[in-house]
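Structure, as structure tokens:
We just call them A, B, C, D, E and F in the order they show up, numbering each chain from 1.
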Amino acid sequence: MAFEPVVLFFLLGAVAGLLRSDLKIPSSIYDALSIFLLLAIGLKGGVKLAEHPIGEMVLPGIAIIIAGALIPLLAFPVLRYFGRMSRPDSASIAAHYGSVSVVTFSVGVTFLGQKMESFEGYMIVFLVFLEMPALIIGALLARYGQGEVRWGKMLHEVFFGKSIFLLAGGLLIGYIAGPEGIKPLDLLFFDLFKGVLALFLLEMGLVAASRMADLRTYGPVLVGFAIVMPLLSAVLGTALGWMLGLSVGGTLLLSTLYASASYIAAPAAMRIAVPEANPALSIGASLGVTFPFNIFIGIPIYYWMATLVSTTGA
Amino acid sequence: MTAKSMILLTIISEAMLEAILADEIMQLGAKGYTVTDARGRGTHGVRRGNWTAGGNVRFDVVGDAELCARIVARLKEVYERDYGLLMYTSPVELQN
Amino acid sequence: MTAKSMILLTIISEAMLEAILADEIMQLGAKGYTVTDARGRGTHGVRRGNWTAGGNVRFDVVGDAELCARIVARLKEVYERDYGLLMYTSPVELQN
Amino acid sequence: MTAKSMILLTIISEAMLEAILADEIMQLGAKGYTVTDARGRGTHGVRRGNWTAGGNVRFDVVGDAELCARIVARLKEVYERDYGLLMYTSPVELQN
Amino acid sequence: MAFEPVVLFFLLGAVAGLLRSDLKIPSSIYDALSIFLLLAIGLKGGVKLAEHPIGEMVLPGIAIIIAGALIPLLAFPVLRYFGRMSRPDSASIAAHYGSVSVVTFSVGVTFLGQKMESFEGYMIVFLVFLEMPALIIGALLARYGQGEVRWGKMLHEVFFGKSIFLLAGGLLIGYIAGPEGIKPLDLLFFDLFKGVLALFLLEMGLVAASRMADLRTYGPVLVGFAIVMPLLSAVLGTALGWMLGLSVGGTLLLSTLYASASYIAAPAAMRIAVPEANPALSIGASLGVTFPFNIFIGIPIYYWMATLVSTTGA
Amino acid sequence: MAFEPVVLFFLLGAVAGLLRSDLKIPSSIYDALSIFLLLAIGLKGGVKLAEHPIGEMVLPGIAIIIAGALIPLLAFPVLRYFGRMSRPDSASIAAHYGSVSVVTFSVGVTFLGQKMESFEGYMIVFLVFLEMPALIIGALLARYGQGEVRWGKMLHEVFFGKSIFLLAGGLLIGYIAGPEGIKPLDLLFFDLFKGVLALFLLEMGLVAASRMADLRTYGPVLVGFAIVMPLLSAVLGTALGWMLGLSVGGTLLLSTLYASASYIAAPAAMRIAVPEANPALSIGASLGVTFPFNIFIGIPIYYWMATLVSTTGA
């Protein structure tokens, strides 16, 4: 089979939404599933970190974060001048595409599992570290020369917002407890992960369906951006992965991180930092177009790109 | 009965503003407030309440006319332009 | 203040009618509505809200008197006989 | 319209009293009531509603003035001293 | 032990309800559990279908669906003329007994597991296909010569209502992914199934208790119907299973399907198609009487019937 | 590592609460997790009972219950005369410390698992039997010579309140089904237990954080009581465990039961039996101080005490 069965759950949800089925996932269940996924991913990353010397990842880490900051800086002028969007909208969308999506990343990990490809465990750490710069750059772009940012509230949201908080908290617990200490939790957090991801994708499909309906009103520029931007970001990720000498799996995950757009942390932070931006635009693009594009089409392409460059030595 | 005439101010806004609005309301002098989860539809579109970023909250505040006017004025100034917001008042008899 | 006198129509009915009633309300010309989950008791018995088929929803609609009368008339005609339904109105001052 | 003038009594109290208050309200002669989950803040502190013992409920009862007075008197007598409790009334037009 | 421990959870819930314990399962948890069970059952059926040639099941399938349609057509006149119920009530109750209960079916599967009996995997498919005819027949019976059915809304409810939608969606995903593709989801959807069923039965007990209280007001005719009807339907199922040469397990499941009454899909569809019917009657009978009857008494009887006929060759 | 990784989740939750993160666990998830833990603990106890002769535990059981009743009788005068608290507050707090905490007990069991210590399975039964006397004593102390207790409502709350009801129901089901019958439920209720406990501790941390903030207003006497009282109770438990000849594990669990303070059953019962008592005081002390004290510091101390006495034969 070409793609992972879990993505079929997204399709099922999207179809339910588009056909106006009465299928609804209660918001408290949505919250519980997302808390679970964030914690589980964090724990997994922490355990991997505990197994490897941290020193190893400092240099590649800096490169990955700096290159990642290019993404919103590239997206902003495209949206502003080519897409003729308002400054706040352009900045907010740029921040969404600069940050990363935990679920897209998880689908990437699952994809690698199916292909039996290993990857550098510390990639998970960048789920935490790529989020923040993009959000701060987004806020700066929105305000450049115009009024003030509510930095206090905004930075609080960035650092203590639940997604970063749970990822970072999980990382720490996983790191402190180590592979042995976490073993009794393996069954819940690791073995059940993929099943829970399937349920979450069902819900994502339902939500995305309602966003897709909105998209018609925003025109082809935004839809085009939501497809071309992840491809460009993935090229950047593949190139960097190649330069850093990452494995095929690590390169795929780096491209996937760059290509993914946030729809948990970024919407919350941007709603506070750049409230004039229309959230329907950024969420519609990231959740209604980029997310399904990545999980169905993008990831296989990025994988192909990663295998391609891997045959050329660094 | 010792019923006192008061004003009930009802505010409907985005769920993610809950903590912020609660702080505003208390700082403007309210003795309390009540919050319920809500969803709905208005000029900002449908808010299904099926995921975190997509729900509303409803605040009910019982207070005197001045308090309510102060809250209305403040929320209009700061939040009305950028956030989904509906506010209405009605007279009530406080019974305790 | 630019407060406008309006009518607040509150409708309490069965949860499974939510989508249907929302469509009716918008088609009759409302600018919006707010929905909250509820449970309760009335002539149709106790509605515990502990499973899907057993809860209520509460709609609040702010509009002019005619809109509210139209909604009331329509819901009375179509839903009152067969479904749990309670509707009441009160005057409110719209503050924004 | 056949609208009848009635009183709407709103009661906000601690969630754990839900079953007890529902019984009181029916025993005092109400034809029904509506309950919604709530949270809030008042003289008894913040009630976050994030765990069982920490939330509020809101009762809405439509009835005549005497019924509402009876309920208010009873709840004042028995529950006001020891439990978080807020009660207020307003006139409504019952539409069905 | 004579019966399955999972049914004890139903008892626990019912006792809690009858003693007015403050035990409450939040409605969002109820929704989540039922979404899980529907998806899991669908996936299991889909995987079983992927393992066997579909052609094999076409002829028995047609027989099973046609015979199943007899149930509401039999129940209606009994209720209408013998039970002296109104036309809409008779039609709505007939539709409930014509459709099927996923949880009763699950208890049947669990019962077979305990007895180490195998069954024809495609039986799960009839959870989907027996639902629809009964609901449509119910709507027709209610309206025969009297006013119109809101067919649009009603059929939408039947096909896109969450229970059919999730069952059918699960079937499809299971079929596409196949036993290999679904393996990473086995732990959540298959291994945990029985535990989740236990929790759901706890909740069913709570809800059923409130329905049992209502039953006193509806009199002995309805209660009698709610016990005799499943027995008759099970006889029909056993006979058909025997004629089709099904295994003992398959025959038991067919009887259980016929004998079970719906309380998820049918109430929702009937509330829209036949709103004049009193839902307390149909839910009271199906959930307050037939459901506990089936899981405690019925299934062991149907099993005995199935073993009995199996000793007589077809 | 000195302590169990699960307690780190409590820490994470507490930090989130203190830093005003927007992390929130919906109340329906809280309810679901607590239902799960209560049922699972009950089932485990029931299975253990089914494996051993009940007769064995009658005499130690009576001793454990009688000695346990000393705790509220000791706590009350301390609070009333030394702490200068009102009669209702003293009585309500005494009842909280006389009853037991399921989650603290679970952390104790987990701690023993890590140390590879076995314990007398029937200790779980005392989760049920220690609760009731303390609550009744609390109500009597509050009313002694002053007005009436609403015994009806109060006793209903004690016996049919969800925590006792689920524990006792789980015990019964586990006992009836036995180790073999419960096997298909093992995965959900036993193997996942520790993971679910971790999630629940996350939520407890969030709730405790809001209680810690309140504590400042109640002064050092209550905080001191909330630390010294569990130590005294644990000494009582250790002494009794030694006298009864319990294993090191059993002695630790007995101390932990005595030392723990209830925050599920007791608050609900006391709110009804002694409504004049300020619930913020009792919950603040038990959840904001004693609970974290026990899981981080107390249990290791009680373990040390248990090993100490075990080297001295009874």
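Quick note on the criterion: contacts are C-beta pairs under 8 Å (C-beta built on N, C-alpha and C of every residue); 3 or more make two chains touch, one makes a residue touch a chain.
Because the structure is a prediction, the values reported are computed rather than measured.
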| item | value |
| --- | --- |
| Pair with more cross-chain C-beta pairs in contact, given B-C and A-E | A-E |
| Most distant chain from chain F by Cα centroid | C |
| Identity of the chain that, by mean CA position, is farthest from chain E | B |
| Chain B and chain E, separation of their C-alpha mean positions in angstrom | 46 |
| Mean-CA-position distance for chain F and chain D (Å) | 34 |
| Junction residues of chain B, two or more chains touched | 16, 36-37, 90 |
| Overlap residues in chain F, where contacts from two or more other chains coincide | 20, 22, 24-29, 31, 268 |
| Footprint of chain C on chain D - complex, ascending | 1, 3, 6, 8, 22, 26, 31-37, 62, 90-96 |
| Residues on chain D engaged by chain F in the complex (per definition of touch) | 14, 16, 20, 45-46, 48-55, 81-83 |
| Parts of chain F lying in touch with chain A, wherever the complex brings them together | 1, 5-6, 8-9, 12, 15-16, 19-29, 110, 113, 191-192, 194-196, 198-199, 202 |
| Interface residues, chain D side, partner chain B - complex | 9-10, 12, 36-43, 56, 58, 69, 72, 75-76, 80, 85-90 |
| Contact set on chain E toward chain A in their complex | 26-29, 31-32, 35-36, 39, 156-157, 160-162, 165-166, 169, 172-173, 176-177, 181-182, 184-185, 187-189, 268 |
